[in-house]
Amino acid sequence: MSRAWLAVLAAVVVLPLVVRHAIATEIWIFAIFGLGLNLLLGYTGLLSFGQATFFGSAAYVGGYLLKHYGTNVFLVLALGVVVGAVSAAAVGYLCVQRSGLYFIMLTFALNQMFYFTAYQWTSVTGGEDGMPGVPRPRLFGVGLDDSLAYYAFAAVLFLLSLWVMTRIVESPLGKILVAIRENELRAEAVGYDAARFKLLAFVIGGAFSGLAGVLYAMLFGIVPLEAIGFVFSGNVVFATLIGGSGSLYGPLIGSFVFIWLSESVSVMWQRWPLLLGVAFVIVVLFLRGGVVEAWARFWSWRAGRHVAPGTAGDAP
Amino acid sequence: MTLLSTEALAKSFGALAAVDGVSLAVETGSLHSVIGPNGAGKTTLFNLLTGQFAPTSGRILFDGRDVTGTPPYGIAHLGIARSFQRTSLFPALTLLDNVWMAAFARHPSWRGLVWRRADRFPGLADRARAALAEVGLDGKADRPAREISHGEQRQLELAIALAAAPKLLLLDEPAAGLSAEETRRMVALVRTLKGRFTIVLIEHKIDLIMSISDRITVMHFGRVIAEGSPAEIQRNPEVRRAYLGGVAAP
Amino acid sequence: MNTSLLLSQILNGVVTGMLYALMGIGLSIITGILNIPNFAHGAMFAVGAYLVYTVINALGNFWLALILAPVGVALLGLVIEYAGIRRLYAAGHDYQLLLTFGLSLIVTEGIIIVWGPVGMSQPPPPLLRGGVDLGITIYPKYRLFVMVMAGLLVLGAWLFFEKTRYGAIMRAGIEDKEMVSLLGIDIHRLFTAAFALGAYLAGIAGALTAPIRGLNPLMGVDMLGIAFVVVALGGLGNLPGAIVAGLMIGVAQSLVALVWPEASVAVIFAVMAAVLLVRPQGLFGIR
């Protein structure tokens, strides 16, 4: 087993001893979210600024089913993944046909469409107030209400997600996506339908986002409107870039940094999004990719063959 | 037997007729060169053949089928491979991966696309290494493409085309920007390819063209002004006229 | 459905459409030249509106506010570009984008801190109160003014780009930055000017909007997505495209508001999705 995996396993075991269980769980959930985005951002070179669409949609569907029908937990998880993937297929189909700047703007605009729909559809989503009352499911007859039990559940799913993503980036698809990022014209000339592959990456990213969304709903017992909003989309982009989009493990680091940042800031002030924005600006301005890249390179070195060449500083 | 032919192929960009009614036929196993002054439309012709642009009018026939309008990824699957005039590689990937991409694309089955480890596809790594060896780059297989010299990149450019095991090779100025020694090596390389592949070659180096081609098509302002064997082309007065001020015919 | 109401709504759609077009043009300039989607564009719109409110309450004069507020936003844009975006050239476009995103968070929250979370209203200046009898319907003077004003601004933008030397430089900058800098033009000054110009247009759109829609801290965020829609449909740097796209979604929104008010915002995005399904390259793009 590689050293990176050992480090991750160690982190999974140690984390709940060091921070509150809920925060620890949130970190791994956000890491799953980030893994999905990074397949698009780091590997394919596509900056999707609307991942909350898939995260939030899955959270609403999963939350609704759990709340009103007490659906089996595995079914809910599977449906979350499917909702994430299907919504990503629909959004992705429109977005991959345009490149660069248009792609980013479209992912954002379509995110807004879902957001406004959720905002208005109060009978189902609760609108501004969100969807409270999402119960913790039962796993093989055991309730997951205990925070540590739920942490273990989420952590296992995270490890599973990490393993799946590792397989994906080491597969031919992983290389094809990097090739498309490096030189789309050449990739097409060599025989790859770039739009199709981008869509595939998008769908996979959506599936991961969907899983994260459902876990999020079950963690907090509520699906807030923000979960489908652009701030969430921006948060995962921030976390992934800061963690280092050039490596498989970047989203993990980014999740740590972001959750730590937002948790510290949220207890300070009611207007904490302001501080979060300030933190964004400071981190972006003063780390400027430099320190982060070094950090990412350190992790990449530790991860050995799990490096996806391509730096966070490259323009999409 | 004609492997590739075009019928009155034309491409206009607004008022500019980059390719203006080009009809040519390439025999299987031959090396057919396309020459002409800069701006004659040679690379545009290649772009039409590989589906990068759709023609304004005319047809392209490959292996007996009308392939006009097929997009680039489709063209690759038909067995047409191209090297680019301006080096077009995957800079961050290793040399091996650069060629592996081309080989995998043409692999009959894409099973395991998403879950199989890339190094577990039997035969593909061998095909890729063989392509690198063909151009003399197998020693550097694990270096990222952006780290090799320009000359080596031109070789890699060719290796990517070869790795696809194509029926037709379209080589766009493979010797572009190479030193005299590198050009000699490239010429020798192209010679070894002759006969094993059907080749359409665009080049400016006339001695290479004359010594290696079975047939030559001369383009000027998007049109074909002459076609024939090297000897016939050398004697052709139109060709000489076209080249005055450009690359001179020997 | 009576014709008076219908005409009013269509005119409302034209008014909002023109404002959307202005937002799209400003965004187009910034995005086209700096190569980043400006996530702070909506925030600048909001600042324009809130500045107008502040200046009117401080000085009592709408016209002065209308002149000063957009200039204030343009200055803000200048500072953002100079102190922020410019410092991130080396880090790449993704980071510049994140910066604008972070700034939009700061501005939105800042507005809540300074002016409170509750929406406010801003009445039009005395000169423009009341309605004009158009025969079929009586239409608010202020909205007609906005229509004319927006039209003049769009015309001004068009003249700037088509007829002036600096406008030509900007157009060239959208097309090919390398060439522009090779021609000896200071690319950094171009970037700053573009950002300030785009900010100005967002600011004046916000300033004009205040008496129509009122003010609320989220007005910028809502507008950002719409600006993106205009650019996605109309095309980067395509001024007539922005106008057509803006009018299209403005009128669609107004008409839908008559029958299904809750969907009136979502319909903007639905229209975009529908158009892109049929024409992925946007209304005017080339395939």
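Order of writing sets the chain letters: A, B and C. Residues in each chain are counted from 1.
By definition in this document, a residue touches a chain if its C-beta (ideal position, glycine included) is under 8 Å from a C-beta of that chain, and two chains touch if they have at least 3 such contacts.
Predicted, not measured: the structure shown is a model, and the values here were computed from it.
Just tell me the minimum hop count from chain B to chain C, counting one hop per pair of touching chains.
2
Which chain pair is joined by more contacting C-beta pairs, A-B or A-C?
A-C
Taking the mean of all protein CA atoms as the centre, name the chain whose own CA mean is closest to it.
Given all protein C-alpha atoms shown, the central chain works out to be A.
Computing the C-alpha centre of each chain, which chain sits at the greatest distance from chain A?
B
At what distance in angstrom does the C-alpha mean of chain C lie from that of chain B?
Whole-Å distance between the two chain centres: 48.
Taking each chain's centre as the mean of its CA atoms, how far is chain A from chain C in angstrom?
31
Just the number, please: Cα centre separation of chain A and chain B in whole Å.
Their C-alpha centroids are separated by 42 Å.
Would you please write down the residue numbers of chain C that are in contact with two or more other chains?
As it turns out, chain C has no residue touching two or more other chains.
Please give the residue numbers of chain B that touch chain A in the complex, ascending.
Chain B residues touching chain A: 50, 52, 71-73, 75-77, 82, 84, 88-93, 97, 100-102, 104-106, 110, 112-118, 121, 144, 160, 164.
Touching residues of chain C toward chain A in the complex: what are they?
Residue list for chain C touching chain A: 31, 35-37, 39, 84, 87-88, 90-95, 97-99, 101-106, 108-110, 112-113, 221, 224-225, 228-229, 231-232, 236, 262-263, 265-266, 269-270, 272-273, 276-277, 280-282.
Considering the complex alone, what residue numbers of chain A touch chain C?
Listed in rising order, the residues are 41, 47, 49, 94, 97-98, 101-102, 104-106, 108-113, 116-117, 120, 230-231, 234, 237-238, 241, 245, 271, 273-274, 276-281, 284-285, 288-290, 312-316.
Where on chain A does chain B make contact in their complex?
167-168, 170-176, 178-179, 182-183, 185-194, 309-310
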